[in-house]
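Let me begin by presenting the structure, written as structure tokens, before commenting on it.
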Amino acid sequence: MNSKVSNQIAIATLYVIASTIVVILAALLGYIIISGLPALSWHFLTSPAKAFTAGGGIGIQLFNSFYLLILTMIISFPIALGAGIYLNEYAKQNWLTSLVRTAIEILSSLPSVVVGLFGFLVFVVQFGFGFSILSGAFALTFFNLPLLTRSIEEALAAVPDEQREGGLALGLSKWETVLHIIVPAALPTILTGVILSAGRIFGEAAALIFTAGQSAPALNFTDWNPFNISSPLNPMRPAETLAVHIWKINSEGIMPDAKAISSGASAVLVISVLGFNLLARFVGHRLFKRLTAG
Amino acid sequence: MLINPSSPRLDDGWLERNIVDPSLKSQQPIVLETQQLHVYYGDNEAIHEGDLKFPEHQISALIGPSGSGKSTYLRSLNRMNDGIARVSGEILYRGVDVNRPEIDVYEMRRRIGMVFQRPNPFSKSIYDNITFALKRRGVTDKKELDEVVETSLKQAAIWDEVKDKLTKSALALSGGQQQRLCIARAIAVKPDILLLDEPASALDPVSTSKLEETLLKLKEDYTIIIVTHNMQQAARISDYTAFFNMGRALEYDETSQIFTSPKVQLTNDYVAGDFG
Amino acid sequence: MNNKLQKQLLKRSKAAKLERLGKTVSFLALMLITVTVFAIIIFVASKGLATFFSNHVNIIDFLTGKDWNPNVTNAKGQPEVGALPMISGSFVVTILSALLATPFAIGTAIFMNEISPHRGAKLLQPVIELLVGIPSVVYGFIGLTVVVPAIRNIFGGSGFGILAGTFVLFVMILPTVTSMSVDALRSVPRYYREAALALGATQWQTIYKVVLRAATPGMLTAVVFGMARAFGEALAVQMVIGNAALLPTNLVSPASTLTSVLTTGIGNTVMGSLQNNALWSLALVLLMMSLIFNLVIRMIGRKGAMSK
């Protein structure tokens, strides 16, 4: 077989492989959306789930997912920002830094179920938080920190050193320069990273089943006092999220319309992740423009 | 003279040098001088010797081929090399050695400001670029800030061009405007000395000559030390000129002396355009 | 000597104080992450090792025992905590899904980067980015409603098992491995290709003999990374594997993995009991494997750096 023929065979094979992938992926997306769309309705998105009968919604789970997401971000963003700043602006190349980097790498590759188990051990049991939004938010914080730290570090590194020198030469400390010049300049990239990690948090379930719990007690959406037990804002209540809900009803759900609910919930999850992706692109683009143009 | 025995070039013996003391020539007091200044990057000695005295309200130019150490020397003066290079020796700012760890480097840099090779305005509005450092230092009075913005921009000769768009992003300005904005930003904190590291190297000829005019006006209020690649520029604007080569200041004298009758052969070769 | 100036310059400014504060705070944030990682390892290890030290289970029996039934005591008077079914289940689904995903991922990456960069950037790149973001429970749900019934129809049985798990993991790790492979190909300098083509090599010869060789360490990293992800994936696998703690004998009968037993079991056992400790031992095995994958990725990286 001469090299021209084998060249053509190889390239044809690559075309086949790439098209197969596109077909698999398109079918996957299509299936999620098409099978999920019929289930979607305002009622479905807002009403509470039913355990034994058909017609339940995902309202509480959806709220829980967003609340948990926001709480996780509130906890993890400042930590990731501090860590990212230290790594990019202060860390010297020594054994401590390489140890820290190794640790972050390990954390990012840990199975999320292990992170969840650790959260269970420390927050649910040891600290006595029980199955609660707070326990879940801490577990998701560990899950979120490595990637967020890395993306913040990269965003800071992309800001030219001239900007740092500009601040230092005015007699400002490095910290002030970083906080008030470098971070704002890196904001579009940082926000993009935050939104992308939000998508990851939104869909995470394994880290939550033993921390935020697998039940969604009824909420009183007129009571916004976080200290009341039925208040949606109460961080100490157990909170099944959308992703956990999908897992739960498929492993042990007994409602007759479990499949329709899962389809609908999956579609909501995927559409949300898609939304986060688009938002990340949009925000990055928009802010970048606003910062550079007159 | 032998400071670092590991550096072989110091052993070459006699070196032709001519460093004058400006205090013997002019009435101006010396505001900044270095003594036994050595700069090391790791094990490499970037500046072997560069002991100069800078007179008040004068422009002193540092010239020399690339890699001669003139920028390194300049950046050492307000300790911008902290954490990058090791600087030994004394940097006397109005008699106070500022090259000591107990000196508050931020207050020192407020007094000894710096403008860089590439214009580096912050990605903020023109107004915020000027007021940023002041606000960080606790100035909140709007009237005071407005005043500083106007005087700094006027001193930097850019007021007329930007006075109607102070809230616009500084990044929308042209390169030359950005550089003058950076000068305005530097003088907004009321420094004593301005260090300029090849401030015109990224500018076109028109912007360059505008910048030079600005500097000539600024020397009434500030002491200026400028690194430049451009010998004509040094000749046009500076009162004193130092010639650097291979990490040493070889000659330092009044600019007219350097360009008409240098005493050191290498300086002569350089200003005549024979190398560099 | 200028005394007034000296005094002003020696006074610690607000900037200096802020600098100290900021540096300390950001350092503490970084240390918090680092300490957490060590805490996770130590906590999981101390719980996981309790099976061997407090409950005196033989570690070899644990790793090689074929029977997982922590409530039952065997003939030797020891509880039946043989983890081999789960360990082998995890390894089998991981290896099979990686074997399946690798040619597809690398083929697609080559297509995207070498054959049709335009279509790669416009069509495949966004699709793959989106797929990386699809939550694993969604993959599990689709496995449950599409893959499992399909296997049931073709091979009979329940449809749950290693094969279903493999398929789900294959689709899950595919986007990750592909996009990392694209990065690996992208880092091969353009002049490598130009030099080979200029010597008269065909496009395929250039790809196969030059580009792929140069990108091998990066591609290996991508595959190992995908394997690490597959090994640690919990819910998607748990939903389709059947959750029977039996040594897998074929691909279409119910089996289990470390993660699937953990997710179903940890809520049903009492903290501190042997049943619970044994589950933590499984978590420890999971953790150790994750560390080993990490180590392998580092070794590949170091070797790749050396050969360049």
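Each chain gets a letter, A, B and C, in the order it is written, and its residues are counted from 1.
What we mean here is this: a contact is a pair of C-beta atoms (placed from the backbone, for glycine too) under 8 Å apart; a residue touches a chain by one contact, two chains touch by 3 or more.
Only a predicted model underlies this, so the values are computations on that prediction, with no experimental measurement involved.
Nearest to the global CA centroid, when each chain is reduced to the mean of its CA atoms, is chain A.
The greatest centre-to-centre gap from subunit C, using C-alpha centroids, is found for B.
Look at where the CA atoms of subunit A average out and do the same for subunit B: the two points lie 48 Å apart.
Distance from the subunit B centre to the subunit C centre is 54 Å, each centre being the mean of its Cα atoms. Remark: subunit A and subunit C have CA centroids separated by 17 Å (rounded to whole angstrom).
With touch defined as above, residues shared between interfaces to two or more other chains in subunit A number as follows: 171-173, 176. Counting partner chains per residue, subunit C has residues 13, 15-16, 19 touching two or more of them. Chain contacts: subunit B has residues 106-108, 136-137 touching two or more partner chains. Listed in rising order, the residues of subunit B touching subunit A in the complex are 78, 80, 106-111, 113-116, 118, 120-124, 132-133, 136-137, 165, 168-169, 171-172, 182, 185-186, 189.
Looking at the complex, you find that subunit C touches subunit B at residues 1-2, 5-6, 8-16, 19.
Every residue of subunit B that touches subunit C in the complex is listed here, in rising order: 93-96, 98, 102-108, 136-138. Residue ranges on subunit A touching subunit C, taken from their complex, read 3-4, 6-7, 10-11, 13-15, 17-18, 20-22, 24-26, 28-29, 31-32, 35, 78-83, 85-87, 89-91, 99-100, 103-107, 109-115, 117-118, 120-122, 125, 142, 145-146, 149, 171-176, 178-179, 196, 199-200, 202-206, 209-210, 214, 243-244, 246-247, 250-251, 259, 262-263, 266, 269-270, 273-274, 276-277. Partner subunit A is touched in their complex by these residues of subunit C: 13, 15-16, 18-19, 21-23, 25-34, 36-40, 43-44, 47, 103-104, 107-108, 110-112, 115-116, 123-124, 127-131, 133-138, 140-142, 144-146, 171, 174-175, 178, 202-205, 207-208, 225, 228, 231-235, 238-239, 259, 262-264, 266-267, 271, 280, 283, 286-287, 290-291, 293-294.
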